[in-house]
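Submitted below is the structure of interest, expressed as structure tokens.
Chains: A, B, C and D, in written order; residue numbering restarts at 1 for each.
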Amino acid sequence: MIVNMSPEATEEQIQHVIERIKECGFQAHVIRGAERTVIGAVGKEGRRGELEALQAAPGVAALVPISQPFKLVGRELRSERTVIDVGGVKIGDGHWVIIAGPCSVESREQLMEAARGVQRAGAHMLRGGAYKPRTSPYDFQGLGVEALGFLREAREETGLPIVTEVMGTEDVSLVCEYADMLQVGARNMQNFPLLRRLAKVDRPVLLKRGPSATVKEWLLAAEYLLSGGNPNVVLCERGIKTFEAELRNTLDLAAIALAKELSHLPVVADPSHGTGRRSVIPSMCRAAIAAGADGLMVEVHPCPERALSDGPQSLDLPAFAKLMRELERPMTTRAGVMV
Amino acid sequence: MIVNMSPEATEEQIQHVIERIKECGFQAHVIRGAERTVIGAVGKEGRRGELEALQAAPGVAALVPISQPFKLVGRELRSERTVIDVGGVKIGDGHWVIIAGPCSVESREQLMEAARGVQRAGAHMLRGGAYKPRTSPYDFQGLGVEALGFLREAREETGLPIVTEVMGTEDVSLVCEYADMLQVGARNMQNFPLLRRLAKVDRPVLLKRGPSATVKEWLLAAEYLLSGGNPNVVLCERGIKTFEAELRNTLDLAAIALAKELSHLPVVADPSHGTGRRSVIPSMCRAAIAAGADGLMVEVHPCPERALSDGPQSLDLPAFAKLMRELERPMTTRAGVMV
Amino acid sequence: MIVNMSPEATEEQIQHVIERIKECGFQAHVIRGAERTVIGAVGKEGRRGELEALQAAPGVAALVPISQPFKLVGRELRSERTVIDVGGVKIGDGHWVIIAGPCSVESREQLMEAARGVQRAGAHMLRGGAYKPRTSPYDFQGLGVEALGFLREAREETGLPIVTEVMGTEDVSLVCEYADMLQVGARNMQNFPLLRRLAKVDRPVLLKRGPSATVKEWLLAAEYLLSGGNPNVVLCERGIKTFEAELRNTLDLAAIALAKELSHLPVVADPSHGTGRRSVIPSMCRAAIAAGADGLMVEVHPCPERALSDGPQSLDLPAFAKLMRELERPMTTRAGVMV
Amino acid sequence: MIVNMSPEATEEQIQHVIERIKECGFQAHVIRGAERTVIGAVGKEGRRGELEALQAAPGVAALVPISQPFKLVGRELRSERTVIDVGGVKIGDGHWVIIAGPCSVESREQLMEAARGVQRAGAHMLRGGAYKPRTSPYDFQGLGVEALGFLREAREETGLPIVTEVMGTEDVSLVCEYADMLQVGARNMQNFPLLRRLAKVDRPVLLKRGPSATVKEWLLAAEYLLSGGNPNVVLCERGIKTFEAELRNTLDLAAIALAKELSHLPVVADPSHGTGRRSVIPSMCRAAIAAGADGLMVEVHPCPERALSDGPQSLDLPAFAKLMRELERPMTTRAGVMV
């Protein structure tokens, strides 16, 4: 940590900061410049949390952190890439997955039709919401445990492992009985009691990035899971809020490249939530792969115009099958012309 | 709801939308323009949720909602302003409160000193965090139930009602035993299981606006509480995320005016989180009052530079006492000169 | 400047950075920590621009600036507050102004009616656009020089000094003949050729903050004017882009407090553009005053529903007169009840 | 346009709106719902600009536009894709380009070394800034006309057409003498006098998206060029401002897909400005191609750590050559493993 003193800081204030740095267990290195003084707090053993309060000390202009705040998710302590096994399907380090299925489980028929269709088209895992976070209390909130039963049935028939969202700590045990991977929704990325609870389960967790979270905040949310005891985390970029009104969110593909640079965890992309607009989903799927994503999560509904949630961003089964065929084909540019 | 058909929509697609509107329980009114057709869905009895999926129907360019999505928090059904009673202190409709205290309860001594100080200066309620949502798992997470005990003790001595954050459903019963008002933190504004649980308690709820939430999303979060059975909600504007790097958040005072225009609920401002910078807090307190806030929530710490959280935005006791004296004085402009 | 080396930086890379710092005319102070090394570049005479390229040197994690990038607009070199004289009307350091008038000058009649009305109500200056920046080429683009003539006539009749926008360098000389203060619109805050040109005129400049600009970027835009030779700059906060959809912009009142903390220049608020919603303009005017603004800029139109631009955010003349009467009255809170 | 009346609107107010719609040259279609009335304004001949002021009429809740505001850049009037010829290099509709070169032209030697290097690696056009928009007046502002001379010389030697930024109307004639394509920088996307001037030149224009502009605003800026007489416009996505602090901007690849869906103009991507971080540029180049970009614009500098601007986001010549080789190779996914 660097403490940047204000130009008007007195010698007494500088000495006070030096003493407080030592009190927190660090060494203090002072650089006296022409206009101002900066003080470096150095050491591995100090109490960083206490140090941060120094920003409130008299004469301090700003505190500048110089190391990354996350440890276990970072690549400094672990150089090899993590591979997560979800019911036999591997994700990460070259293992690449397609997760597909409806936004919400709406009925046994709807789910089974979707499950069979996405399996036939080549998906590796099935998604489907049993508990739905909805902005309005008057919107469809999910079928709950009934939907979990349908998901289990779909797995039995298709063999596809299941990922579904868990919204609160009270549902964790129940959802663990049915799902192969538990999803933390974007709104819950910083639901710390939920993260602490999921750190104790033996299921992998799909951690969606919050719509306004930075990559660091996302990695720190993952750090709650790893430091609490669950090393099996898949990150999922699902778009961030921006000013663009024509699209629901802005899919931040550079965040995938950045997250993979900073962390050893696998990262998948969700172009369905990430754009909210069916017409651009195929090209964003291709772009996410090109950006280095370890997989895709795609919303597929047998009849999007009757979906109880997220219809406009759902592909129907023929469109999904077409997308899957396209993803098999190589993308190339040659002699300045893309072919 | 208005369904805006794309210019290329076929007559068959238009007819399909008309039929689906009727299927959802609405009447369909068609306006055929020079370039495109729009269809209004009219009626009180229709199923709006099902209608929304029509955005995915062929030939539909966009759906345009024309009524507000919230009901109970709105002013259409309730014209008088709501007054909330928190342990004898009234908020709203001219009843105006100052809530003050430390970000976190750090020790019995720290809390009692803060409580006595803010009471002496004229505060009406005491705040203090027992459970703290922190971005990093390595930061101070609050003293939990021990802190709740200290808060109770502080109320007994000072008489100030207590507001404290509840972070998860599992803590709601416990926190209700100690607190006069339960705070939903900004990160939890859309934690729907928590909102549904708090709809069932007999304590008022202070609902902070999410850092990237629109005013409508905030009011819909409140609608979860009212529609679930708890009419005692105080809204709290605490700043939104913007690009401004010098301030932690941007205190959105127009959102206070707007929330009071759209809703009958009282709205308080939190300039401490809303700016994160001690130097601008007094002027933002004055501005929030001028904007029509029903009260202020201010972080006060006996020694900010030793605070375990949010020191830089905490006032010390003399600064808080000075602020309280200033708030008593009239603000005026006369002959073009502010005095 | 602090150079933060990455944990993997080699000794050779550290030495290279030290040499480059010296080459740029600074002294290098090295702090070797447990995990990484940071190097301070110290000195008044160094070439900061060249130093910044070091971020691209091998082994460098990040560069951390420790001093403010602006000089002449800052308070370090000038402790007293600046007062700007606009055709006899003073702004700043206790001199407080109301600037009012239509968004666009639409006709001689419209302008004269507005001018008489705002003068009668107590405004100190008249605004009115002759050249209008419009998102669409098909929208009304302003009457140009004809409007400038009407503005001059309005000043002759009412005595109110005129402020009007200049959009490009080619219009500067002409607008200077008619206007008492030249406005740089929000979209032009970083139109550097325009700023350089306005640095050479003998008219004060009203510099609007860009809708996505930070306060520092705004002050650096003002620095172009001061460093180029024009010390007469009034800053104008006019709202920033945020996710809030009900309001056109988010009026950032803390930015006013912050700009006045960092700079000696006067700062006025434009709640009309800052909110885009007539109903909240009066409360935002009061809030801006309470936040410390040196004045207000308010859009007033004799018939807002026929305005060729910005009707929804324009007050009509009776509403403006009512606002002016309200601003004369003291605002106060007493015994917890605002009166 | 749909006029959404508020629930409290009186019959008189409804009639007034109907009359005003007719006055503006449209027909009025009224839909009376259970709670509120909406009125459609229909017709091709009406004056839309006047209609918009109706938002300020009594009883009006909101105006809802139902058609796209742009005409000439849209695909409704022109179904085939536009191909732009820049000094013999074609862009669009399958013609795909790499534009490379330094951010700023810093010297004859630096430019020639960069030009030869990017040509050798396979670039089709050369970029280089002669006039630089810089946030601070104390930063390097470009060599101006001297740089233009170097660019011409580089073209003569390498045969690569030149694109360079023009910052103000006063420089347009001069830059046209030297450049094959004129760049409008992101800060100038809504510099309307500049756009109007560039509508009159016989050079293609590269129009960068503003860092906070929506896709519609970007297309409307292009509409200024087309409607003013210049049909040769290449759009360039260069990243938008978001909360992500680790990256300079967020490259919005879905905006490329969306712009190509809404417009017939070619769209290129600038991953250098779009991310500001060298390590993620190659993957963002691949992703941009996969998203459907018609080309890439990449900053290349012979020695990034000595660059006078944008060093951290510049590739050196070997890194650029490596990128070019990678772009030649097909990208594919097969059997769930990306190869």
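To be clear about the criterion, a contact is a pair of C-beta atoms (placed from the backbone, for glycine too) under 8 Å apart; a residue touches a chain by one contact, two chains touch by 3 or more.
These figures come from a predicted structure and were not determined experimentally.
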item: Chains touching both chain A and chain D; value: B, C
item: Equivalent interface positions on chain A and chain B, same or different at half; value: same
item: Which listed pair, B-C, B-D or C-D, duplicates the contacts of A-D in over half of its pairs; value: B-C
item: Most remote chain, CA-based centroid, reference being chain C; value: A
item: Chain pair showing more contacts of the two, A-C and B-C; value: B-C
item: Chain A and chain C: spacing of chain centres that average the CA atoms, whole Å; value: 38
item: Chain A-chain B separation of Cα centroids, rounded to whole Å; value: 26
item: Gap in Å, rounded to a whole number, between the CA centres of chain C and chain B; value: 30
item: Multi-chain contact residues (two or more partners), chain B; value: 212, 241, 243
item: In the complex, chain A residues that touch chain D; value: 94-98, 124, 212-216, 240, 242-247, 250-255, 257-258, 261, 274-275, 277, 279-280, 283-284, 286-292, 327-334, 336-338
item: Chain A - residues contacting chain B, complex; value: 20, 48-50, 52-58, 69-71, 133-141, 167-171, 187-188, 190-194, 211-212, 217, 220, 223-224, 227-228, 241, 278, 304-308, 311-312, 314
item: Of all residues in chain C, those that touch chain A in their complex; value: 2, 4, 7, 29, 31-36, 38, 40, 42-44, 61, 64, 66-67, 76, 241, 243
